Amino acid sequence: MSQKMSALHRLSDNDLARRLAQDIPDGAYVNLGIGMPNKVAGFVPAGREVMYQTENGLLGVGPTPAPGTEDPELIDASKQLVTTIPGASFFEHSMSFAMMRGGHIDIAVLGAYQVAENGDLANWATLDEKHPPAVGGAMDLVVGVPTIYVIMRHTGRDDAVKLMERCTYPLTGLGVVSRVYTDLCVLDVAPEGFRLVELAPGNTLEAVQAVTGAKIHI
Amino acid sequence: MIDKRVATLAEAIAPVREGAVVMIGGFGTSGIPFGLIDALAKSGVGGLTIVSNNAGAGEEGISILLRNGQVARVICSYPRTPGSIWFERRYEAGEVELEVVPQGTLAERIRAAGAGLGGFFTPTGYGTRLAEGKETRQIDGRGQVLEMALHADIALIRAEEADRWGNLSFHATARNFNPVMAMAAKHTIVEARHVLEGPMDPGAVVCPGIFVGSVTEYGVRP
Amino acid sequence: MSQKMSALHRLSDNDLARRLAQDIPDGAYVNLGIGMPNKVAGFVPAGREVMYQTENGLLGVGPTPAPGTEDPELIDASKQLVTTIPGASFFEHSMSFAMMRGGHIDIAVLGAYQVAENGDLANWATLDEKHPPAVGGAMDLVVGVPTIYVIMRHTGRDDAVKLMERCTYPLTGLGVVSRVYTDLCVLDVAPEGFRLVELAPGNTLEAVQAVTGAKIHI
Amino acid sequence: MIDKRVATLAEAIAPVREGAVVMIGGFGTSGIPFGLIDALAKSGVGGLTIVSNNAGAGEEGISILLRNGQVARVICSYPRTPGSIWFERRYEAGEVELEVVPQGTLAERIRAAGAGLGGFFTPTGYGTRLAEGKETRQIDGRGQVLEMALHADIALIRAEEADRWGNLSFHATARNFNPVMAMAAKHTIVEARHVLEGPMDPGAVVCPGIFVGSVTEYGVRP
């Protein structure tokens, strides 16, 4: 690990998900992406009724089923077994994406390879041409959902910068990200670029700026 | 907590503003939100653009809004039905504008708005007067017309059952334009014959509650 | 009545509907227009299972309900009270027109103001500008349904010609009519124009040709 | 009489021809017509274009067709899933072509085919690599991409219940792409967990039988 990294205090994945979950309001319709985004549901404060949509045709996703009550045909977009909560509905695929593209979902939480200071998002393909690309529903979500939250580790493998002036990976959407939650800080995408919302406890702006590829405005 | 129930039709209709584009579900006499239309008539809000399959008949439904002079424009497929006297009177006097749209194109333009699509190419109307002035092209050897998404500020919807999350089911042919209009409006207002105490069966929901703004019980059936 | 008309033998509306009904095969999906087309259902030979679609969201329209069993919210496109037959389904409007436009309905039976020898159909507006136009579902049906049967009286008010070289009223669709059933004859729309299928009993080709605005080929 | 019931999966799959475009319903492991895919694998018919959300995983479903070399082309949104080894092997060897389509655009292109529309403008993918070479324009101030209808010769569908008229209902999230694919194919082949003796309730039908060619009972649930 490089020297500059050693000064950073990183949130655990659970603490990061818990931080983002504070910003999911009561009554929201929310789509959670595969992976770290999916953890957010477990940390939304009690008393908030949130309707989670999964692209494969369910609004009102509930927690993992108790052993013995699993339904193999009741799964989420991660192919994990789920349940339904009261008020849920099933529907087919063109309806599911009408919800997303038509602006009916309030918030989507997505992972990212890269986020640019202009809000561009890259989360579906790298420059590695050996592997077949796979896009899923990400491009539909980012054009339709008014609030796009990205949750990710601040830096990648080998300390690769992920927050930058312009993405170098193929884009998922242009100017679509509202806010980025990382293990080091929370940043809004503002007209001037990344704007600091808060630092994770123990970090300095200088240390976080040093591992960020674009200026953090305050 | 999500609770879309509203106590009275008057309260439900309050968000309708002067000059609003208002979609109204129903076909013939089936699935028309008569209670909400009455409340809209009483509100006196005017300058409305009404999007509906028909333009009212007799002295009820959309006819009341036309009679009251609340309607500036009608977008529909079939305005001229037996008894559509108020529409005909206002139309002949030049007091209401009319845009006639083929019925399937009307449904599809509404759906496109709800689904976040800008428009679509359809063979319907190609080569006819209703395609005049519209962009056309050949696709797969067929003439097709570009039709644009049709958005609304408000949708007035009639359902059979609703729950507090806004999930809806419909009775027989009262379904018609109701679910697709619910998708296309910024704010969708529902009168339901029954508002359920608990949640609807998730597999029986026809219109998911995400498309619904408010729900009021109105037990009268035509 | 003019002299030429006096030589013609005209089928009654019921006999005309009965004639057309012979050509509705077992297992067909059929849409019947308002008015005379709607009469056809009553004459389809026993033993044929035909699924009638009505544009307002029902496939499997059954006969008029028995007194006391009416459902005011179960109507057809003519706003008449109907019933359902076994195998019926209800659906919303965009689905209903997907059935028509997408080529899933086998046969549509429509009325007409005018039919041209090239298959053009005019059945939604006249040249009378005093009355507001009303198109309904006719334009969707004619582009989507592979077989369009027109049922109408051979001539209009004041013996006006309705079968002609080119329509003079605004068109519903271009080159869409397959066959025309009138009270005087049955005509196919063929590459060369109208082609005689049969004359109603008692008529001669000469007499029918005399009230037809385009050549009848044999 | 309308009776779409067919006795065996092998008989049901017989209409599939060499080089056919075949839509296959399902998402992940839910709603996949495993019985029909097995029958298609046994039939040995090749040169297929497969339209499906995923490209198989492990040694079942679409993976079998890929393993057998029956697939020339795949159109899907998410071919790379854990265990999609047969797809990856064929792709890396250049033995299968791939068209990646955003998932919502895939569903909508399929629906457009079923609904007789030539194509549509969608904001999805605008400005990205997946819009390269496609017509674009600004609609209501947003960049939109023209996407064309996607037709199929055959659709393979998994349903929960079916009746002899071909009416279908679905269980939970096994609905997914199944109803919309049923609309888009010249011939739609269904495996249903239960084939009913009598008709389905008309209000409970999710996919009307008019879209269905044949129905075979296949009781196995994954």
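So that you can tell them apart, the chains are marked A, B, C and D in the order they are listed, and the count of residues begins at 1 in each.
Basically, a contact is a pair of C-beta atoms (placed from the backbone, for glycine too) under 8 Å apart; a residue touches a chain by one contact, two chains touch by 3 or more.
This one's a predicted model, so the numbers in the text were calculated from it and none came from an experiment.
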{"item": "Joint neighbours of subunit C and subunit B, given as chain labels", "value": "D"}
{"item": "Centroid-based (C-alpha) most distant chain relative to subunit A", "value": "C"}
{"item": "Higher-contact pair (C-beta pairs counted), A-D versus A-B", "value": "A-D"}
{"item": "Between subunit B and subunit D, centroid-to-centroid distance (C-alpha), Å", "value": "32"}
{"item": "Chain centre separation in whole Å, for subunit D relative to subunit A (CA means)", "value": "29"}
{"item": "CA centroid of subunit A to CA centroid of subunit B, Å", "value": "36"}
{"item": "CA centroid of subunit A to CA centroid of subunit C, Å", "value": "56"}
{"item": "Multi-chain contact sites of subunit B, meaning residues that touch two or more partners", "value": "108, 111, 115-117, 122-123, 170-172, 202-203"}
{"item": "Multi-chain contact residues (two or more partners), subunit C", "value": "58, 90-91, 94, 97, 100-101, 143-144"}
{"item": "Pairwise touch network: line, ring, star, complete, or other", "value": "other"}
{"item": "Pairwise chain contacts under the document criterion", "value": "A-B, A-D, B-C, B-D, C-D"}
{"item": "Touch list for subunit D against partner subunit C, complex", "value": "1-2, 111, 113-117, 163-165, 167, 183, 198-200, 202-203, 205, 208-211"}
{"item": "In the complex with subunit D, residue positions of subunit B that touch it", "value": "108, 112, 115-123, 139-140, 142, 144, 148, 169-172, 202-204"}
{"item": "Residues of subunit C touching subunit D in the complex", "value": "26-27, 29, 49, 51, 53, 58-60, 84, 86-91, 94-95, 97-105, 143-144"}
{"item": "Residue ranges of subunit B in contact with subunit C within the complex", "value": "27-31, 53, 77-81, 87-88, 91-92, 98, 100-105, 107-108, 110-111, 122-130, 143, 170-180, 206, 221-222"}
{"item": "Subunit C residues touching subunit B - in the complex, by the definition given at the top", "value": "54-58, 71-77, 79, 90-94, 96-97, 100-101, 125, 130-140, 143-144, 170-174"}
